[in-house]
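Presented below is the structure to which this report refers.
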Amino acid sequence: MDRIGFIGLGRMGKSMALNLRKAGFDLVVFDINKTAVTELADAGAAAGADVESLARQCSIIITMLPSSKEVEQIMLGEGGVLACAGAGTVVMDMSTIDPLATDKLHALAAAAGLSWVDAPVGRLAEHADRGESLIMVGASEDDFRRVKPLLDAMGTTIYHCGPVGTGGRTKLVNNYLAVSLCQINGEALALSQRFGLDITKTLQVLYGTSATNGQLRMNFPHKVLVGQNEPGFTIDLAHKDMSLVVNAAHASKVPMPVAAAVHESFSLARAADFGGQDFSCIADAICQLANIEKPRVPSNWSPD
Amino acid sequence: MDRIGFIGLGRMGKSMALNLRKAGFDLVVFDINKTAVTELADAGAAAGADVESLARQCSIIITMLPSSKEVEQIMLGEGGVLACAGAGTVVMDMSTIDPLATDKLHALAAAAGLSWVDAPVGRLAEHADRGESLIMVGASEDDFRRVKPLLDAMGTTIYHCGPVGTGGRTKLVNNYLAVSLCQINGEALALSQRFGLDITKTLQVLYGTSATNGQLRMNFPHKVLVGQNEPGFTIDLAHKDMSLVVNAAHASKVPMPVAAAVHESFSLARAADFGGQDFSCIADAICQLANIEKPRVPSNWSPD
Amino acid sequence: MDRIGFIGLGRMGKSMALNLRKAGFDLVVFDINKTAVTELADAGAAAGADVESLARQCSIIITMLPSSKEVEQIMLGEGGVLACAGAGTVVMDMSTIDPLATDKLHALAAAAGLSWVDAPVGRLAEHADRGESLIMVGASEDDFRRVKPLLDAMGTTIYHCGPVGTGGRTKLVNNYLAVSLCQINGEALALSQRFGLDITKTLQVLYGTSATNGQLRMNFPHKVLVGQNEPGFTIDLAHKDMSLVVNAAHASKVPMPVAAAVHESFSLARAADFGGQDFSCIADAICQLANIEKPRVPSNWSPD
Amino acid sequence: MDRIGFIGLGRMGKSMALNLRKAGFDLVVFDINKTAVTELADAGAAAGADVESLARQCSIIITMLPSSKEVEQIMLGEGGVLACAGAGTVVMDMSTIDPLATDKLHALAAAAGLSWVDAPVGRLAEHADRGESLIMVGASEDDFRRVKPLLDAMGTTIYHCGPVGTGGRTKLVNNYLAVSLCQINGEALALSQRFGLDITKTLQVLYGTSATNGQLRMNFPHKVLVGQNEPGFTIDLAHKDMSLVVNAAHASKVPMPVAAAVHESFSLARAADFGGQDFSCIADAICQLANIEKPRVPSNWSPD
């Protein structure tokens, strides 16, 4: 049976690792945060002394880290995963990083006799807690089969998008749309507010036409529309993903004028201290900066 | 029983008038296009000699015209509706026009002792053919009750949005979202294409997350994604609606950076001769101008 | 000798009319503001009873009005200029209006046997006070010769841009650039401020490269950079001109993504109550909304 | 006397190194391109065997490299400049790179007992050939004095912008403006062309108002306006600089909506194969994509 290494026990990673333990996998974990490591150890995981020792004893190694920089730090160099893992090991990076960084790491891994899988995670932290993540996977057919049982322990909706690199790229396409939906919904609601329309009547119309969308239907009614700004996904993180989208688009010569405009709107919202709020609250930022009344529905209102 | 006047027998208006006849309403029609008038006469409507005579004999007068300019021409001046209709007449404009023009006409109508209703029509021409339009109505409670039987003959989904002026404003909010969805879907698909992703796998993911939206789910699979550019709603008309949105936003000091970026993208598409295609084909325009392969699914593909 | 009619004695128009009187022209004036009319009468002008009587006694009629709407009101209808002026009269509109309105009025004037000249005014109100305006003229060669002595009394820099319609169009191109320069200077200074650069050193560099521009070199040092927001030209007026630019661009299928972005920035500034400030103060609006320190130079600083 | 190391003999670097030799400096050079090294050796420079040996024998080390990546490769690691140069050495990076990379390298250099200077180069390659560059310098007062004689050999206009990091940041502010000027001039000329204006008359007006700018006055008449697309500075390089600007702005929360729109316009131009043309030719790209006639002046035309 594969021994599984897991590096990166942050808000999402810890829950994912715990779900792997619940499913009975033999787990070695590593993080610079010792509290998180202890929590996993209490759940029966082994605590890796460092990246090198973890890499030497595992045949599947998962990383869940904040950005390209941390992933490269863990992978490269003398005591890094690529130098220390045995031939045939599968490295599965579940972080959301620059696809060009994935391509580079994939090539280096291949040169070292390792397999690479990119499997970034969709949905929110609460879904990860419950093992209900959506996961977009770029992998060879063989590697996908090998990691599938692990993915099934962490998520309920697993998409095999294609070869290595397609998982992260699909996530960028997806998150571009989700974040841009927040922005266009925000502009639409600002216009509705300034027009003096009854917002519940406006929403009722929008839900019944081709203007409907996942953010307006599923996220907004529980967040910004009821004045709830606790983040499922923050404006700061949405901004970070838009930076990845815009940089990837420019690297591959894809003009995306709306992506750029959305990026700037989120930049303005961050500068005006909205960074820690749920990304639906971009609607509040738009309204506040323009002296428009924030869009709110009655507390007992339901879209249905 | 009310005698109903109907002015404007274009692609949409003719079908709407025919549906009123089918429902048995007593109808007088007028259009500069004599063929359309004859068709209605064959269906049992009376042909008005001119706007003045129509206005003098009807107690509810409907207009369905291309833009503010034509509506004002019909309404104002010596032989216009406002001068000739009897006190208590309800004028119901179903055109999509500038809300400030509606406000002005409403005030002039009130001064002349007439009621005004703005009731622009959503959905496509085919829906109007079948009497299945969605209609957004701005009217007093009394006037709404009075026109409701007529609306029920022309559409299946009737929203009373609020007082006069709210019908047209709600339509602008709605159409801003629908058109912007086409643009962001287009940018997302352009990115997906340049990334070399399998488009059906990308769509499958998008349909399962908060990135899903009415245009991507309902319109795109029957139009641009199968290379079908016959318009349900043209890029030219979408551009016209965005002009109304942008002008209304500027008149009321609502900053809408994405609306502006979408407007420019449609302007570029029109300059590059895409104006007559379905508005989902903005995705093709984005790809063609940037030398990206157009997004297509296999002809036997279904989103489900 | 021609008798000159002058309609519209606002902030600019009054000074222009006074300069015509100083140069000795025989002047009849009209405005709904009686104080301004009295001031001109004191300077030796005749006060027109109404537009009709003015039109009947003048062979050159000048208008200087806020927008297309007022120009059309004065020109059209029974007692309007086009109906009442004698054949051969030259109508010279010096307002800044939609070029398509100019084209329409030109055609109607020609049909009535009148000549049309569009001659919008550049530079600031203070320049108009001193007879130092810049004037962009669209006129036939003959009409240009006929109005040239009048223009020389009102301005120092007279450009004959081409046939009727080219004056207003040239002004739109010019004002698009001037307003957009304010915006890009504003963004550049916001970046410089956030970077913590010494603004006088940054300006010294910019003045010495191809980044230099008329707004940064000539307007900014006397306005926003010294905290002087008294308008030479307001953000509201700049916004109005950008509306004309954007609408003209859309009417003629010219994609102008930066024009649209500038338009939205000015819309946001207006919504945040900067509308009455000098248009260079868009830099302050950008900084204030994003919590960036406003760009200021020492009071004794000089660009040279 | 200082021995000077020079790493990076590309299109600009070679000319700069040759000018140092002409001024009599004792020079050691390194580049992976052996032809360039030979050319410098013929001019009396010593050829460094590798970065390490160069670093060990020089007390001032200049780098002129394409991007952050190459600068970091040369500086970091075992045989890198920071590890091999003697205490007190001044490292002067004249490349245009990400200011955050400069900050990081500066800190690492300081920890190694070395001084850092950032001194990116303005103007064109031809200016570098003639020793007429404009150079923006971030350095301590002492270090600035030490490198000043070298800078005087390479350029005619040397600005000491402030402490380390301000040279590169000032260049970003400057290049943002220069590139954006090309874009707004391009949009203005597209509008002028579609309006059917005489372009020489339009330019004459623009040169006389606050709309004038360095690009329109100095670069355009020798490049795009006469159909000369040979680059002084390419659209690809302008796009690269805009990427640095946009990324720096997002890293420091400066909303720059026009920067983003310009960035997208250059991205579209690159996708449409304009990347190798002079950056003034963005005007041609805008016109070609929108089916507008390209802006051209007669070959014998002069702006004066």
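We just call them A, B, C and D in the order they show up, numbering each chain from 1.
Throughout what follows, contacts are C-beta pairs under 8 Å (C-beta built on N, C-alpha and C of every residue); 3 or more make two chains touch, one makes a residue touch a chain.
All values reported here derive from a predicted model rather than from experimental measurement.
Looking at the partners of subunit A and subunit B together, the chains they share are C, D.
Among the remaining chains, B is positioned farthest from subunit D, on the basis of C-alpha centroids. The centroid of the Cα atoms in subunit B and the matching centroid in subunit C are 37 Å apart.
Distance between chain centres (mean CA atoms), subunit A to subunit C: 51 Å. Subunit C and subunit D have Cα centroids lying 38 Å from one another. For subunit D, residues touching at least two other chains, in rising order: 249, 253-257, 260-261, 264-265, 268, 271, 289-290, 292.
The touching residues of subunit C, when paired with subunit B in their complex, are 239, 243, 246-247, 249-250, 253-257, 260-261, 263-265, 267-268, 270-271. Per the touch definition, subunit B reaches subunit D in the complex via residues 257, 261, 268, 271-273, 289-292.
If you check the complex, the residues on subunit D that touch subunit C are 99, 122-123, 134, 136, 157, 159-162, 166, 169-170, 172-178, 180-181, 183-185, 187-188, 190-192, 194-195, 197-198, 201-202, 204-206, 208-216, 218-219, 245, 248-249, 252-262, 264-265, 286, 289-290, 292.
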